[in-house]
Amino acid sequence: MSKLRVAVIGAKGRIGAEAARAVEAADDLDLVAAIDRDDRLETLTEADTQVAVDLTHPDAVMDNLEYVIGHGIHAVVGTTGWTPVRLAALEERLAAAPGIGALVAPNFSIGAVLTMRFAQQAARWFESVEVIELHHDNKPDAPSGTAGRTAQLIAAARAEHGRAPQHDPTTHGLPGARGADVDGVPVHSVRLRGLLAHQEVLFGGTGETLTIRHDSLHHSSFMPGILLAVRTVPGVPGLTYGLEHFLSEDFRPDED
Amino acid sequence: MSKLRVAVIGAKGRIGAEAARAVEAADDLDLVAAIDRDDRLETLTEADTQVAVDLTHPDAVMDNLEYVIGHGIHAVVGTTGWTPVRLAALEERLAAAPGIGALVAPNFSIGAVLTMRFAQQAARWFESVEVIELHHDNKPDAPSGTAGRTAQLIAAARAEHGRAPQHDPTTHGLPGARGADVDGVPVHSVRLRGLLAHQEVLFGGTGETLTIRHDSLHHSSFMPGILLAVRTVPGVPGLTYGLEHFLSEDFRPDED
Amino acid sequence: MSKLRVAVIGAKGRIGAEAARAVEAADDLDLVAAIDRDDRLETLTEADTQVAVDLTHPDAVMDNLEYVIGHGIHAVVGTTGWTPVRLAALEERLAAAPGIGALVAPNFSIGAVLTMRFAQQAARWFESVEVIELHHDNKPDAPSGTAGRTAQLIAAARAEHGRAPQHDPTTHGLPGARGADVDGVPVHSVRLRGLLAHQEVLFGGTGETLTIRHDSLHHSSFMPGILLAVRTVPGVPGLTYGLEHFLSEDFRPDED
Amino acid sequence: MSKLRVAVIGAKGRIGAEAARAVEAADDLDLVAAIDRDDRLETLTEADTQVAVDLTHPDAVMDNLEYVIGHGIHAVVGTTGWTPVRLAALEERLAAAPGIGALVAPNFSIGAVLTMRFAQQAARWFESVEVIELHHDNKPDAPSGTAGRTAQLIAAARAEHGRAPQHDPTTHGLPGARGADVDGVPVHSVRLRGLLAHQEVLFGGTGETLTIRHDSLHHSSFMPGILLAVRTVPGVPGLTYGLEHFLSEDFRPDED
């Protein structure tokens, strides 16, 4: 069986370099190109790339995807900075490229995806819920994309099961103490030297609490999810947002 | 619509008293008897009890259930001390009482049940898993029934998905450091003044960990689960072990 | 030896009632009065009270203390709502009552006081620090008095050892995500059904974090501190703010 | 001012390499030798080494120290495997080398040292205490050296303040559930893929708990402590065991 031909864009970045190594190490994948910002995108087509992994920068990703999709290459995108407007533009672009798939995911770690899934499942059972995300002290956005998305999923699950909005008891206090409001779910962002990427979802009901915590201690945690996406995206035309849609019963993380 | 006629056995105990109050406060339930060890079991039949909640002692529960089932009353059992032999005896007794249901549960809190469910779902995705349970300093058994059951469910889920047994790297150390072995899952029991009932399930994979933690801070956390069981058990003949089987999509905890 | 004559004001409140019982149970203390809002303050003087414990309401405490101090009675105050203006007024009042002591404390639990002490000691060693406090969903103020005070103590310790202010990397985000700013220390307030009173202080340095967490799971945690204050305040004239000043090497919590 | 002349033994190991870089980057230190197992120890004397940092293996460290001390070089030792017998041998060797100092430390991270210090300070105030240490799944010893030492320090502090031994309520259970017994303090060891080095000390008293947690997420956390030791050990002749003895009021971690 021929191997899937994979390219990494942003291969000199920390995660990009690790992704290139992970693709290279996988028996069923062939790393045919590993380019960075000084390289020509034409390298991708010259190498007959089937799937491109974009791990670059919000300023570059839209141009990269225009090229990739325009040349019939599937895309796995870990680059951040996605807004509803950008996603709509990407979806429209894909509509004009039948058969081509793109997976955009705010987080490729299995643990992060399970955290979101469990948070959705638990949401209906508890009166209260808040999210705390904790990251290293160089992170420019707050809250994190993963935390924002988790809060949205929780809010949607509460609404679906007829849960009333949470009541905030605060009558006096300092601005910001009660966090950011994401669809009615308070989200708190901690920035601390020494941390990498961590998230806690706290649920509270009568006499009990349930906490789901994800700790990402090393960027290698993204690799199993990136490889899964690379293998899956050729069979899923159009735009998919969120790795959870690829986490079917058949998925198995790479053993090491 | 007539209300379900409910009795509490062990109504002078802390949880029994709270259960009696919770039944009394529920619109669809009628507390027809609340007895303790000095009271006659005949009170149950004289009051036309439909469902009996047993919150007594391992020494008393088998006799109580013999009477209850023998008189066509459904049972919800929170009393501890269940062994495979005892469960088999109860199952046999129920086989001779067609239409009668009994729910035996090691834990009635929604949070504890969700913890076990999420632990089962997560088990296949991670290389490593251990359980830490933490309780007040009067608890005589270690590990807790809930922790033991959680570890068994995790072990079964790993086996089902072809996960290899965990490798314990310890080559020298003190006895006990690595916890109790429950079907290959290490379980650690902490006993601390000031705690009530807490459990953590820790999963570890490449570069990341996922932690599911349940904190029971007050016995009132058992009430929504007990009421759910009371309402559900008349429709489920035979023995059911574990509240999770009653946690269907239609279940809603009592709002307060 | 004669026992110290102690009164509790606010004795029908949850903590007040528990404080009255704790005073009564102590061998060296005599509960001579236990009054609430419908009772006359004159009861205190008629009972020859030496120390009054005020566990009432911000609306009542200043009048109570005016009476107490005016009649030569020492005060232990757990009532909340203290502002710099109120503290200054109390200090002035005490200056006119030589020999009379008042201890005002935002938190009487030993664990909370140790948390603050350790936070002060650790502050100089770490680049980053944030505070998360978590309380039940009826708490009207955010952040909690204890968290605010902890942040102030940390900020002072950092300044004293020449630590530069923390750099917040956030360049875009939602309002509130980064918490309340207390002297440069971010403080996050979580409100959750099922919780009582909890606080985490998170320190971060190169490659490591240190977390100090205090969980108050029952109001009984305040009693050892209240009894310590009652025994100590007659020997400390003037205003003392914070139980930590009474936590000397000789202090021993009541064993049970 | 002339710089302190420092050598690293074990400079090809992960921590050794990082230590060599840290010495090189420090303004007041001069890296004069960086050797590994295939290199001659004579390199140290040829380079006029004043302080040698040993980050090697239990099989090599005693010979290394014999050479180092015998040639009037001070030693900072992070190599593991220290037993009372080995420490006694080292102490005796140093007695024959007046003016030469050696610091042996089970842990060089500031957070770990503060955790031990706070645990000692808190020990007297709480009825219950247990230690949980969590490490990556390649660690051969359990419990960790740091956890064992922490438990010993806690036990000593309890004894000093007349605390009675902890009562274990367990009357039936599985072997190992209650952890290893270190001087009466239960210690639990968790081994999990994805973790590095973590420790929790849990204290429990009436109605409250206090938790001190240290997370080491990267080996760089040892560097500030190693540099401190290098600068301090020339002024402290004889054997010092534990970095905490060098953590005086004047110590400042390196800012980066």
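Letters A, B, C and D mark the chains as written, and numbering starts fresh at 1 in each.
Just so it is clear, contacts are C-beta pairs under 8 Å (C-beta built on N, C-alpha and C of every residue); 3 or more make two chains touch, one makes a residue touch a chain.
Since we're looking at a predicted model, the values are computed, not measured.
Asks: Please give the intersection of the contact partners of chain A with those of chain C.
Replies: Output, common partners of chain A and chain C: B, D.
Asks: Going only through chains that touch each other, how many steps at minimum separate chain B from chain D?
Replies: 1
Asks: With centres defined by CA atoms only, which chain is the most remote from chain A?
Replies: Result for the farthest chain: C.
Asks: Interface check for copies chain B and chain C. Shared numbers divided by all numbers used: above half gives same, below half gives different; which is it?
Replies: Same, since over half the interface numbering is common to both chains.
Asks: Which chain pair shares more contacting C-beta pairs: A-B, or A-D?
Replies: When the contacts at A-B and A-D are counted, A-B has more.
Asks: For chain A and chain B, what's the span in angstrom between their mean Cα positions?
Replies: 37
Asks: Can you check how far apart chain A and chain D are, centre to centre, with Cα atoms defining each centre and the answer in Å?
Replies: Distance between chain centres: 39 Å.
Asks: Which parts of chain A, given as residue numbers and ranges, touch two or more other chains?
Replies: 126-127, 194-195, 203, 205-209, 215, 217-218, 221
Asks: Which of the residues in chain A come into contact with chain D in the complex?
Replies: 194-196, 215, 217-218, 221
Asks: Which residues of chain C touch chain D in the complex?
Replies: Interface residues on chain C, with respect to chain D: 109-112, 114-115, 117-118, 121-122, 124-127, 161, 203, 205-224, 252-253, 255-256.
Asks: Which bits of chain C are touching chain A when the two form their complex?
Replies: Within the complex, chain C contacts chain A at residues 126-130, 132, 134, 137-143, 167-182, 186-195, 202-209.
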